[in-house]
Structure formats: C-alpha cells, structure tokens
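In the two assemblies presented below, subunit A is common to both, partnered first by subunit B and then by subunit C.
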Partner chain A sequence: MNRLLGVALGVLTAIGGFLDIGDLVTNAVVGSRFGLSLVWVVIVGIVGICVFAQMSGRVAAVSGRATFEIIRERLGPRAGGANLVASFLINLLTLTAEVGGIALALQLASSVEPRLWMPLAALAVWLVLWRVKFKILENVTGLVGLCLIGFGVALFLLGPDWGELLSAATHPHVPTTEGHAVYWYYAIALFGAAMTPYEVFFFSSGAVEEKWTVKDLGQSRINVLVGFPLGGLLSIAIAACATVVLLPRHIEVAALSQIVLPVAQAGGKLLLAVVILGIVAATFGAALETSLSSGYTLAQFFGWSWGKFRRPERASRFHLTMIVTLIIGLGILMTGVDPVAVTEYSVVFSAVALPLTYLPILIVANDPGYMGEHVNSRSMNVLGVVYLTVILVAALAAIPLMIVTGAGR
Partner chain B sequence: MLAACAPPGRSAHEVVSDALGQAGASTATVALAGRLYDDGDLPRETARTTVGAALASAQEAARDLATLEVPGPSASDLRDSALAAVNDATSVMVTARAVVSGDADPTIRVALEDLDRATQRLQSLEEGNS
Partner chain C sequence: MTASSLPRPPRPRGRVLDARLHLLSRQVLDRHDVPVTTIDDLAFSPVPREGAHDREEVTGARTYVVDALLTGAALVVRVFGGRAPTSVWERVGWQHVSDVGTAIHLGVDGDELDVTWTERWVRDKIIRHIPGGRHDPE
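Right after this comes the complex of A and B.
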C-alpha cells in the first residue's frame, strides 16, 4: 500500500512539476497565434523529455553519478568546461524567467508592481532552499502545481467544437497571417520549452539526492512515462484555451495576464484563483529547481561537496552558488527587463544548448563500464538517435530563425 | 511606398502593420477583461493588471509608429492615420483603466463600446494595410 502511495505521489508530483513559466507562456503564445497547428511539437517534445529523463535517471541510479560529473569525465575539463558555461548561462536565464514569473503571478492576485514582488520571491526561494528538505520542496510544489489542471477544466467549461480542435491538431498548417519562418521558430521554442535542460539536471541530481538504486528504476520509469505525458496534456490545454478565446479576437499573448483570461471566462473568480495558485506553485517550483541546478552543475563539475541531503555548512560552495545565481537573476529582473521576453529567449536558447547535455548522457547510457547490464536497449537507442538528430536540427536552426523572424515577430 | 528607415530586416510597411496588430490586440484584451470584470468573473486586481499590461503594449506600438521615418507624403499619411488610431485607442484604454480602478465616472458599458469601436478601427486599418 505504501509503495502504491509512493508511486501515485511520484506521478502526481511529476504532473504538477512538469510545467514552468516557459511552458505557460510559449503554449499560450502559440495557441493565440497558430491555434493547435503546433500541438505535434508538444507531443514530440514530451516523448523527447521522457527519453532524456529516463536515460539520465537510469544513469544516475545505476552509476550513482549525476549529469555534470559524467560530462566532465567523458568530455574532459576543456570541452566539459565549455559545456558547463553554456548550460550554466541558460540555466541562469531560465531561473531569471521563473523568478519573474512568480512576481507576475503574484501581481495578478494583487495588482502590485512585479518589481516589488521580485526581491520577496527570490528571498522566499532562498529560504526554502536553505531550510526545507529536498523531498518536501519537490512534493509540495509539484502537488500545488496540480492546480494548473484548472486550464483543462476551463477548456471543458468553454465548450469548444472538439471536432474542429482535433482537426486543427491533426492537420498542421501555417496560418495565412503567419510566415513559415515564424511557424518554425515557434516550433523550436515549444520544443525547447518541453525539453528544458534544467529538468534533466534536477531529475538526475535528484536521483542521487534521494539515493536511488537499481531497485528504484521501476518507479522512476513510471514517474517519467506517466507523469510527464499527463503534464504535457496541461500544456496542450493551455494552448487550446488560448485558441478558443484569444485567437478569434486577434489577441496575441504578450503578457501573463492574458493567459488567464480564458480561465476567468470559463470558470469565474474561483477557477481563476485556483489557476493563479497553480502558476505561483509551478514557477516557484521551477525557480527552486533551476537554483538547485545551478548549484548542481557547478559543484558536480568542480568536484565540490553538493546536495540538499548535506547540511549547508557541509556543502557551502554549492549553497553559495545558488545564492549568487539568485542574486544575479534578481539583478537582471530589477533592470526592468520584461520577464515574458526573458522567458521567450530562455526556451529558444534551451533548445540551442540541449545537445551539449543530451549527447554525453546518450553515450554513457550505452557504456557498460558505467551501466553494466542496464545499458540502453536497441529500441531505446533507435529512439535516442532519432532524438539526437531532432535536437541537433533544432539547435542549429534556432538562432538563424531568431534572427530572420526578429524573435518571432 | 513605405520603404526605408525601418528597423533592420523589417520594411516600414511591416512596422505599421505590426504596430496596428499589437495595438488592436491590446484594445481587444482590455475589452475582454472589461467584460469579464463587468460580469463579476474577473477580480479588480487581475483586471487592473491586465489593462496595465495592455496599455504598455499599446504605448510600445505608438512609439514604433512615432519613430518610423517614411519617404513620401502618401506613406506619411498612412503612418499618421495609424498613429492617430493607436493614440485614440490608448486614450480609450486609459479611461477603461480608470473605470476598473474605480476612479472614473463613466460606466464600464460606455468604455466597452468605445473599446469595441477602437478595436474595429485598428483591425480595419491593419487589413487595409496588409
């Protein structure tokens, strides 16, 4: 019974923790501009993150090593260092977007200027990182993040023409009002939002934090293969809400406040309150994960003592990295930069950086020296190589498309 | 006709069209938020935040138009009429913000009618320009 509850909790946490500000913003922007014609990318992204997280979780559970320990071992200090710099900067950009997202969500409930919320949000993130146990912070934010199911409820209450939505999702096309380059730019943004590198740093380091062993592989597989696709359904619900309410009114999403209007229309103040709570939890959870990921990447690369399972004084450089990263992220936000714009850039650059962490994990997952009998199966390798190709194409095309389209304008 | 002096990679024609689209999206957002507020489905705090963000977006569109240099009188007329429409729409949105903040006399219904008119004007200008 306890085991069943543990599995259920893991799956629910994976669903609630799947979404972050990147998913919220990108799916709503795409829904308001392209309808459901890019849903296929969300599905490709969900399968991709399942493949990546499943491999990295298995590597961590079997070898007892997290992502950046392996990257340094396999690539050496120079290539591994370049990888570290790129991954760390993109993680910092994502953390900045998440802290901004918390502030924007709190503004929705209070109408208080987000720059007043930002320092409080960053302080709260640090306090939780300092004081709260790993398991608790992961489970609480994941479970409260389930409030985002409110987007799914809103979609049902809006009573859309389901046949029309299904037809739009299964017959992708570029709308006449948008160019092909913009369409593909947002396809990469959606892919980057679904496959954000920090999710994998957090997932594999979390496996070490929770002392996973080979015995835990079954639970890990269920969390990933059930929790992530169900979380992905919430992404599609966000896009569908924007498609039903905002697209016909020519409202292109440029602010978080526009994303929740379909929810208010469908379910009034009560459902709106639930969804705002879900957004706060999702962005807060992702801010915790990205802060931890900044500490994980640097500490694992340089061989410092790391982990929430150690008291802060026993992992001082790990905790200092998180504090400094939070301060830098807060500093960026306090310049007045639009958090939504930061989010849009962060998901695209996530796609650019993805091969840097994906390839070493794919190699190690096939190395019997690390994995013993738990190396990738043939079918997993076929999927792994297909995704390597997709990831490389997306990474190479992202910046040229960003330039050509003026970042999707 | 609308050609030079636009940001790199974008024609002046595209700048006018984008600005009209952005301002139209802003007025439509305020109209939707205003209706939800009037129906009791949107709390005042969320309505104020939504209108404030939409106003900032409309002002950005107005700035893009105001700083756009175009060659020739007909292109200039088009830019000016777009700018006038965006400025009028911004003014209506300011009134709507005052209404949802409880700082203005006109009822939300009057503000919503003005918003609908401003949205239609922007959208027809955008369609005419594209």
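Right after this comes the complex of A and C.
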C-alpha cells in the first residue's frame, strides 16, 4: 500500500512538475498563431525528454555520477567548459524567466505591480533552497502544480469541435498567414521548451540527492514514462485553449493574462484562481529547479561539494552560487525586461545547448565501467542516436532561423 | 628486423590505467565521499635511476610515476594552454589516493587538504554568517 502511494506520489509530482514558464508561454503563443499544427513537435519533445531523463537518472542511480560530472569527464575541460558556460547562461536566462513568471502570476492574482513581487519571489525561492528538504520542495510544488489541469478542464468547458482539433493536430500544415521559416522557428522553440537541459541536470542530481540505487530504477521509470507524457498532455491543452479562443480573434500572446484568457472565459473566476495557483506553483518549482541546476552544473564541473542533502555549510560554494545566480536573475528582471520575451529567447537557446548535454549521457550510459550490467539496451541506443540527430539539426538551425525570422515576428 | 622478431614488452602487473581516460577530469572524493575537486592535470616525476630497468638504460626511456593530482591554475592551463608557475599549482599528493574507479577516492578528509581552501573560505566568511547555514534543512 505504502509502495503504491509512493508510486502515485512520484507520478503526480512528475506531472505537476513537468510544466514551467517556457512550456506555458511557448504553447500559448504557438496555439494562438499556428493552432494545433505543431502538436507533433510537443510529442517528439516529450518522447525525447523521457528517453534522456530516464537515461541520466539510470546513470546517476547506478554510478552515483550526476550529469555534469559526466559531461566534464567525457568532454574534458575545453568542450566541457564551453558547455558549462552555455548551460549556465541559458539556465540563468530560464531562472530569470521563472522568477518573472511567479511575479506575473502573482500580479494577476493581486493587481500589484510585478516589479514589487519580483524581489519577494526571489527571496522566497532562496529561503526554500536554504532551509527546506529536497523531497518536500519537490513534492509540494509538483502537487500544487497539478492545478494546471485547469487548462484541460477549460478546454472541455469551451466545448470545441473535437474532430476539427484532432484533424488539425494529425494533418499539420503551415497556416497561410505565417511563413515557413517562422513555423520551423517555433517548432524549435517548442522542442527546446520540452527538452530544456536543466531538466536532466535536475533529474540526475535529484537521483543523487535522494540516494537512488538500482532498486529505485523501476519507480523512476514509471515517474518518467507516465508523469512526463501526462504533463505533456497539459502542454497540448494549453495550446488547444489558445487555438479555440485566441486564434480566431487574432489575439497575439504577449502577456500571461492572455495565456489564461481562455480559462477565464470558460470557467470564470474560480477556475482562473485555480489555474493561477497552478502557474505560481509551476514557476516557483521551476525557479527552484533552475537555481539548483546553476549550483549543480558549476559544482559538478569543478568538483565542489554539492547537494541539498548536506547542510549549507557543508556545500558552501554550491549555496553561494545559487545566491549569486538568483541575485543576477533578479537584477536582470529589475531592469524592466519583459519576462515573457526572456522566456521566448530562453527556450530557443536551450535548443542550441542540447547536443553537448545529451551526447555524454548517451556515451556513459553505454560504459560498463560506470553502468555494469545496466548499460543501454540496443533499442534505447537506437532511440538515443535518432534523437541526438534531431537535436543536432535543431541546434544548428536555431540561430539562423532566429535571425531570418527576427525571433519569430 | 621484422616486427615479430622484436621482444614483446612485459605485461605490467595490476590494472592498466590510461591517465587521460581514467584519471583526467574525474571527480575526487574524500573518505566520506564528499567531493574535493576534479582532476585538472597530473604531475609526474621520474623513478630514480638505481631502481630503473636495465632495458631503460639501453633505450633511454624512463619510467614516470604520478606524483600528484593538480587543480586550480592547472585548469586554466588545460583550457587556454601555456604553462603555470609551479608556485600556483594546487596539488593533492598521490599518497592520499586510496582507490581509482569511476571516481578517485582519497583516504583523508577533504577539509585537511590545501586544495579545499576556497570551500572553507566561503564557508567561514559567508555561509556560516547567514542564519540557518549550520543546520540541516527541514
């Protein structure tokens, strides 16, 4: 019974913790401009994150080595260092977007200027990182994040023509109002949002934090293979809501208030309140994950003591890194940049950094020195290589497409 | 002389380690499994002549042993090239190494080693002064 409860908790946390500001914004923007014609990318992205999150978790559980330790070990100081710089900056950008997202969601709930919320949000994130146990911070934000199911409820209440939605999703074509380059630019953005590198840093380091062993691999596989796809279904619900309400009215998503507009229209104040709570939890959880990831990447590259399972004084440089990163992120926000714009850039840059992150995981997952009998199966390797190719193409195309399309304008 | 007529080199005893593959960039853990550093470079020194093989006298080859694991400035050198003065090397003597696996294990406390001075500095100057820094998370 206890075991079943544990499995259920893990899956629910994975669903609620799957979405972050990147998924929210990108899916709503795409829904409002392209309808459901890019749903296939979300599905491709979810399968990809399942493959690599599961692989990085297995490597961490079997060998005790988290992802960035492996990146450093396999790529060496130069290529590993380049990856560190890129990953750290992208992570900082994502963290900035998440803290901004918390503030925007709180603004929706309170009508108080977001710049007043930002310092409070950053302080709250730090306090949780400083004092709360890993397991608790992961479970609470994950479970409250389940409120985002409100997007699914809203979709049902809107009563769309399901057949039409389904055929739009299964017969993707570029809308006449948009160019091909823009279509592919947003395809890469969606892919980057689903496969953000911080998720594997967090997932593999979390395996070490929770002291997983080979015995926990079954549970972790269920969490990933059930939780992530259901979380991805919420992504699609967000896009579908935008398709039904925003697309026909030519409303372009430029703020969080437009993302939740379909929810308010369908379910009124009550459902809106639930969804805002979900957004606060999802962005807060992701702000915790990205702050931790900034500490994880730096500490693992340089071989510092790290982890929330240690007292802050036993992992001092790790905690200092998180404090400094949060302060920089807050500083960026206080200049008055639009968090939604920061989000749109962060997901595309994420796509650029993906190959250097996922290649070392794939290599080490095949190394019996690390994995013993738990090396990748043949089918897993085929999937991994196919995805690495897709990731490489997306990474190479991202920047040129960004320039050509003027970042999707 | 054909290749087959050359004498086969003696097989070394014990495990064969490729320094580049099995040592460089690996994590170094202390005796409580707390990370100490990553191996940024290695310092070698020649085995003293009197202990050397006769064959080496003939070929001129010398046997080198790993003296210490290097970190700190050694990383900058590995990334950008050049040569760092020996005074700025941060070293962990090889005598502290107790096991070489997917991570390198030491038989001592990380806190006793010079290379962890930044960790101690940040801890003593900053982290300990913030309330709650000395306690387990709740």
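The rule is short, and it goes like this: the second predicted complex is superposed on the first by the 409 of 409 C-alpha atoms of A that agree within 3 Å, B and C clash if a C-alpha of one lies under 4 Å from a C-alpha of the other, contacts with A are read in each partner's own complex, and residues count from 1 in each chain.
Basically, a residue touches a chain if its C-beta (ideal position, glycine included) is under 8 Å from a C-beta of that chain, and two chains touch if they have at least 3 such contacts.
Remember, predicted model here, so these are calculated numbers, not experimental data.
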| item | value |
| --- | --- |
| Subunit B versus subunit C as contact partner of A:Pro77, first or second or both or neither | second |
| Partner chain(s) touched by A:Gly268 [first = subunit B, second = subunit C, both, neither] | first |
| Which of subunit B and subunit C A:Ser257 touches, first, second, both or neither | first |
| Which superposed partner A:His173 touches (first subunit B, second subunit C, both, neither) | neither |
| Touching partner for A:Lys211 - first (subunit B), second (subunit C), both, neither | neither |
| First (subunit B), second (subunit C), both or neither touched by A:Ser110 | first |
| Contact breadth on subunit A, by residue count: subunit C or subunit B | C |
| Which superposed partner A:Ser305 touches (first subunit B, second subunit C, both, neither) | second |
| Subunit B versus subunit C as contact partner of A:Glu69, first or second or both or neither | second |
| Footprint overlap on subunit A, where subunit B in one structure and subunit C in the other make contact | none |
| Touch list for subunit B against partner subunit A, complex | 7, 9-10, 18, 21-22, 24-25, 28-29, 31-33, 36, 40-46, 48-50, 52-54, 57, 123 |
| List of subunit C residues in touch with subunit A within their complex | 24-28, 34-38, 40, 71, 75, 78-79, 102-103, 110, 118-120, 122-123, 126-128, 130, 132-138 |
| Complex contact set, residues of subunit A against subunit C | 63-65, 69, 72-73, 76-78, 80-81, 130-134, 299-306, 308, 310-314, 316-317, 319-320, 369-370 |
| Subunit B partner contacts - residues on subunit A that touch it in the complex | 107-111, 245, 249-252, 254-255, 257-258, 260-261, 264-265, 268-269, 272, 276, 403-404, 406, 409 |
